[in-house]
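Presented sequentially are two complexes of chain A, the first with chain B as partner and the second with chain C.
Moving on, here comes the complex of A and B:
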């Protein structure tokens, strides 16, 4: 028992059980740090690609000069007015969807219970389209309206699913049903809207970054900057909540208050992002599971999920913009790529006879 | 062990529904259909009098156009009323069949993604092959619906416990999302098609015309007759596969025929009315409460109930959306979601 930490690192220590725990913990922590760094790098590279690529390809120095506020002929408009808001909006939406999804999944201890699957995004989507397309409101009141609708939807689903055994599975089933109802509202409002055009339709049916502007990115940015630290600060409590309410209370977590804060933050993030870009399919659902596969188990899921969400949206938007003859909105790409992964997850979970 | 310790607990789905009650239920359903037809003819963007309704109907029967504008309005509402009756009956029968075959309370063509499958194939046909006749629509819708139904059921039934409600619903939701993305991907480069396929987003009977109805009627009649003929075999199936085999029922064949009929009915309706959800989910559950679980009664009474429901939904849509209209598919979604909540609360749902 005289081995030092350095011996463990060299692998020269004779391994007793307690030493194996230390080694394992170090290994997991190192993997996690490397994975988060890799995710961060990937996000930065994708953002850079979003800024540099396009009809005209600009060099990194030109892009940096535009960001620094200098006037670069041509690039100032293309990068500063078109590509930068699009990149920032995509990144913010991805982060918001990723954090909201993983928070719901962890808190309800059900990998299926992300806000886009259980209908909360549909509620926000219906409210946003009513306010923007039919009533012609501005971005900020629209986002607040969408938030109210999202909270109402979440409350309705919670009340309808409350009580009795296997409430988790019932919550998902009821959420899917209420989501289907709200989707029909979205389609109906789109059919009735005067400004029926491809851009609006694509945005509200599958989510899109086309036409992103600073006006839209601003309110979403404020929401992410305020709410992301809240969720990260509570992520330790979130991990404890996964052990069950009784254990969490015993470990000193104020279960009621923490849960309410987390639910409201997650619903707000999902609703704000939906009101800005439309419901980008499957990002909220997939960011958490993909992040866990990359970082390994343990540790807070929030930051990896946020980065994964950003990566997913930016990568899908790059694919949608440049990989095909037609420019497809980001949600079409995530929908086509994400659904097979969901089916795969479903089959794999069923095969294992897994719980939750 | 004393005998008193084994009380016989009455089952919720007790088949003890007498023949008399069934006759009453059927009579009520028939009266309800007639009432909903009158309502459907009477309400719309132009209010009409009873006199105008009889006048319009009489003129229609004699194949002439009436002079009175109210009577003309009534005549205009005849095709959509007929389509609502036919489509509602077919959808409810389809739902009852799928629930019987899968022994799953939430089996419904909309939730299982079958509608979207039909929509995707029809959109592909319009975009890539320039199809335009009702028969081509019907054929493609059928192929798409059957392929997607098989896929969703396969994915939903992998693993322990078979096709649980939650797994089926999720597999359906995922498939629907993927297929609607594909539909969007096909439509976006072809802006001119957007208007043509607009009605695939929301189902309704407003676009009814006799030519398309004539195209699907033979298919509907054959599928419905086959389905009703399999009522006794489906009863045996409800007792479990072993008992059914013991009773001399071809289990596999019955399943395949009944499922094929269910998918066909729903796909044929989808090819003329667009995706209308929740009818197949709601009606059989209500009918089971009223007329019992005997499939020989459940199937035909469900068809009658579906006709009433969709005709009323279409009428409600015209009243609520006055002077325009709300598509019947939106109305059924609003009526159906609360019913799904009730079903989900009553049924034991196994988590995935």
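Moving on, here comes the complex of A and C:
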């Protein structure tokens, strides 16, 4: 069989189904590899721009020397202490949101089912605000608290939506409802906050990379380094889970175990990122669909969505910092990008619901 | 491909939550043959096939493959012997036919092993067997209902299992496409010796295409055997609560069920079993 396939590759065999399958698969795979390479390049370029641009523009060599640990007057502080943590935090948050979003969307077979739409990020936000503003906790306990709240929120949504055949759609609606409840908790906490905390809280709530530091980036970095490989290792199971629980079981996936692992990983990624940067609007929601547009359907969505998430956050932060007279937090820019897509999906879903 | 596997159930009861939908079913699927499960709506025929395919855990009793309870067989290993096409499978948006059929290779792949020539060959064979090879690079969303069903069957074929279960594979298809799917499954059974178990709604197509019928009523197996022996006026009355005439099908020679409703019945062949209730269901 191998020999025949080599013949096909050389084009010396006549067209047969095997040749067609082989050629088509290779073509889609090539497109995917090129697309992933392009996304990786774009991420690197955006990160470079984040490091070079600002009040003072530094050359690539100066930036590289700072990263290598050399002392460059001026650049060591501006790039090493301000821009580098900001870039790394943005990148990590984008990756975490992107992977969390696409995992949920694929697993629940619904583009609306991203953690920022169905209220899981709101749960983490409410906990983080409670911790930061009311309890005055530090970064690490805040993150763990946000993580617990996110998992609890996901559990509550799951329990409320349990049973029945169309669990996916109901889960999205219940999630949006629970999200709205948690948003009101956030508003209540803000009313009770001190005036000087309010500004911090408001900026944090719109999703911001201002004041990013290595202390903040650390826990998020650990989460991404641990959980991204877990999700990538399960991505083949995820691509079968997309066909429905029945097909996935018939194809030998341990549906319960795989789904639990994926949900916990995705919730943890979304919550850690939310606790670090605030809920950067719609990155989780947008990254997967944009990545699929670029790489084509089929194939694992995890790595493309991770890179797309990183690109989105970095690009939005660059726009927010330099494109307008006023500096906008990154979440404002992603919100402007994401809201029309959310509207489009809602309109399409309601039309489809109406016609069937 | 022609290994003979013995799939049977032992005092199998199953259902959802507290309710019991199938009750103490003992059956043995004839290896290398086509078996069809028939019954009225809500008789438990779909639950039976789902339990045989381990989608539903038994409340009591067990499903046994080659002498081993299927819940003791690692699910991926089981998926190389026992395949299932669910009633309403769902596909990711925009997926290409060849990629979807390729998902059928999942039980043959390991986590870090890349796609092999054997996988390509299995996909190509499945596409050719179901007559959708020329659609390989098309998006599933663009296809008609009949084509889509053939693609789903191709995915099940790419799994290369010796036993294939299908839950109403002809639903939503027009008559021509129903026959096409059933002919395709018959080809598969005759060429490869694949054991096929399916649920069918239409008793006449079931009688024509089955080597072996399982008739289910209220969660119990009430009759089984060759359609010629099993499909009788009495069985139709018991299983479908329907008064009917059974004649030899002039096309196939299989038993043909001609139901009597309340209307459009000629006096010459009028109702005999007056005690039977009026026709219910389709």
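Just so it is clear, the second predicted complex is superposed on the first by the 315 of 356 C-alpha atoms of A that agree within 3 Å, B and C clash if a C-alpha of one lies under 4 Å from a C-alpha of the other, contacts with A are read in each partner's own complex, and residues count from 1 in each chain.
Everything that follows uses one rule, which is that contacts are C-beta pairs under 8 Å (C-beta built on N, C-alpha and C of every residue); 3 or more make two chains touch, one makes a residue touch a chain.
Small disclaimer: the values here were computed from a predicted structure and weren't measured.
When the shared chain is aligned, chain C comes close enough to touch A:252, but chain B does not. Touch criterion not met for A:37: it reaches neither chain B nor chain C.
Contacts of A:260 after superposition on the shared chain: neither chain B nor chain C is touched.
Using the contact criterion defined above for the overlaid structures, shared-chain residue A:81 touches neither chain B nor chain C, since it reaches no partner.
By the touch criterion defined above, A:225 reaches neither chain B nor chain C. Of the two partner chains, chain C is the only one touched by A:22; chain B is not. In the superposition on chain A, contact is made by A:243 with chain C only, not with chain B. Of the two partner chains, chain C is the only one touched by A:297; chain B is not.
Touch criterion met: A:331 reaches chain B, while chain C stays clear of it. In the superposed model, more residues of chain A are touched by B than by the other of chain B and chain C. If you check the complex, the residues on chain B that touch chain A are 106, 110-111, 155-156, 158-160, 165-167, 169-171, 173-175, 177-178, 180-182, 184-185, 188-189, 191, 194, 198, 201-202, 277-278, 324, 326-327, 329-330, 333-334, 336-337, 340-341, 344-345, 348-352.
In the complex of the two chains, the chain A residues touching chain B come out as 110, 112, 117, 160-161, 164-166, 168-170, 172-174, 176-181, 183-185, 187-188, 190-192, 198, 201-202, 205-206, 281-282, 325-326, 328-329, 331-336, 338-340, 342-343, 346-347, 349-356. Chain A makes touch with chain C in their complex at residues 1-2, 5, 16-18, 20-22, 24-25, 28, 106, 109, 233, 236, 239-240, 242-247, 249-254, 292, 296-299. By the touch criterion stated above, chain C contacts chain A in their complex at residues 50, 53-55, 75-80, 82-86, 88-96, 98-100, 102-104, 106-107, 109, 111, 115, 117-118, 120-121, 123-125, 127-128, 133, 136-137, 139, 159.
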